[in-house]
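Here come two complexes built around chain A, the first alongside chain B, the second alongside chain C.
Moving on, here comes the complex of A and B:
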């Protein structure tokens, strides 16, 4: 399947350090939270892109290989991402396992594709408002993202739209140690 | 963590150039502040004519084909990219005097300085690399 990205960068045929240099330049065009797809044929780019993202503070989501082309997915992160969480109804990650509610994953599609909790439903934060009708108001909803920041905002949005059984899952997928389902 | 990478380029071959400029551009692309001190034969790497025809090590000439096949960028292209990414080039004044070179012999935008100029930059850099 193809993975949704906001921007595509073609770095095929280029050797080190060009994929990194091009990625850096392309990243400047993205706004926070958007996803860049980098296509490269340099086999070293897999380790390099991950190390580069780690070094400059962006989120390396993952890499898929199709016909000798490596597609890397990176999500742009602001330097100061220590946003305050204000939604009061929270639930710990361990407590949602085996509970009879819906796990709503509000990360981007690419992040979801590279690993999510079994049974979780994917609605990226930016699409939530338009897709509220897919959710059941009678059922408990555990909103999860990577660290608990986007899910905090999503939970507030749900409550503002008449949902009452809403919990923000803390910490978030970064602390999930259970099985990860991939759809790539 | 230090945000500076300090590089000394003291050799003038094609392999040396790739080592220097690949590390420098990769570091600059990772938001590091990078300075390269070009000294002795290293000055070749930013010499307007010299950088277009850097020698391969003796016996390694057959790698030319590999460079073409791997689509490795040419050195002048890497030099331009490094400067565009904000890598600072410092040419060694003493070597220039010995070799009879002036700032006009080099690519635009370089600084000329002595050992202390580089040491001042490098004092809190990590890593410091020599090629």
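Moving on, here comes the complex of A and C:
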């Protein structure tokens, strides 16, 4: 399946260091939270993109290989240190396992595709407003993202729209050690 | 200032001649920690190239101005970029042509010694990978032992020496590097020998190499005699050349011994390994000079760059030859083994002729250190 990205960069045929040089330039144009897809044929680009992203604080989501082309997915992260979480109703990650409610994953589709909790429903943060009708107000909803920041905002949005049984899952997928379902 | 380009051969001379060198390795930290260019007097700084995209000012104080500086990366491109940035900042630096890929492939032929009647024995040192190949030359003929996949190096060397390659041996089915043996044989019409016990699954024709086989090189008296010495693999065979040299393959190294697990049968072969090292080799003359198929660390190189030592000295100094207790020995060679060489299972498949990957894939498979030993 194809994975949704906000921007595409074609770095096919380029050899090191050009894929990273171009990726760096392209990322500068993205808005915080957007996803870049980099197509490259240089096999070394996988390890380098992951290491570069970590060194500058962006989120390396993953890589898929199709017909000798590597597609790397990176999410732009500005300084996430200022991530105040204000939503008061929270639940710990371990407690949502086996609980009768809906796990709502508000990360981007690409992040979801590279690994999510079994049974979780994917509605990216940016699409939530328009897709509220897909959710059941009577059911408990555990909103999860990567680190608890986006899910905090999403939980607030749900409550503002009349949902009452809403919990923000902390810390988030970064701490999930259970099985990951992939749809790539 | 200017940017210089160094070949792998130039770097090899620095290693062998014990020169000082400052290496700025701009690969990923993982890659650097796994594998780098080793030299007795080399200093290192590892900063991934992607951390230098905005400039090199921050690292300038760490780069010496009073010694040679070589920038190294995986294939060349990034080291060239960083070298140019350093040059723009007023430094004179070099980059390694072809990067670690080329370094991994470079072979330095070094003469080990003279043989009876004007013959010669050469060791081909693959510094970047720790592989050692051999050529015995006598009266217009040559034999090659444990050739690596760069067949041109051997055929060109034979041409230069005006000798015809007649016999090609592999001491065992290699798991850490791709053999060039049968390809050189196909090019030159030489006979390719493999120990049959390692060759049960191979899909090409070969001549069985068994204990007691003696092949004469040239018309005079230089013998290459096979000695069955299992343990690293079940077929592992050593050679005694001119009653003077003992080619041990991956059974015995200078500072370590072979590991018995790369074909997946450590428990089965540990007894064979023990028997070879503690009985079969004990019956040989202490004055034989051991020539292994690998070295693991740069300290195993002699001053002239060769990897060679008297068997008697190894019996005295090599820890792996001095383990009294059977159980201790068993535990040392089967427990806590180092990681296996990169892609070792695929490499075995290639050496059996079962798969024939493109050259670029072969390069990928051989990336990294060889790890055939237990220390």
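In this section, the second predicted complex is superposed on the first by the 181 of 184 C-alpha atoms of A that agree within 3 Å, B and C clash if a C-alpha of one lies under 4 Å from a C-alpha of the other, contacts with A are read in each partner's own complex, and residues count from 1 in each chain.
Methods note: a residue touches a chain if its C-beta (ideal position, glycine included) is under 8 Å from a C-beta of that chain, and two chains touch if they have at least 3 such contacts.
Model, not experiment: these values are computed from the prediction.
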item	value
Superposition on chain A - do chain B and chain C clash or fit	clash
Contacts of A:69 with chain B and chain C, given as first, second, both or neither	neither
Touching partner for A:181 - first (chain B), second (chain C), both, neither	neither
Touching partner for A:24 - first (chain B), second (chain C), both, neither	both
Which superposed partner A:78 touches (first chain B, second chain C, both, neither)	neither
Chain B versus chain C as contact partner of A:13, first or second or both or neither	first
Set of chain A residues, in rising order, touched by both chain B and chain C	15-18, 20-21, 24, 48, 52, 55
Touching residues (chain side chain A, partner chain C) in the complex	15-18, 20-21, 24, 43-44, 47-48, 51-52, 55
Sites on chain C touched by chain A in the complex	28-31, 48-51, 53, 73-75, 77-78, 81, 364
Chain A residues touching chain B - in the complex, by the definition given at the top	13-18, 20-21, 23-24, 48, 52, 55-56
Touch list for chain B against partner chain A, complex	22, 25-26, 29-31, 70-73, 81, 85
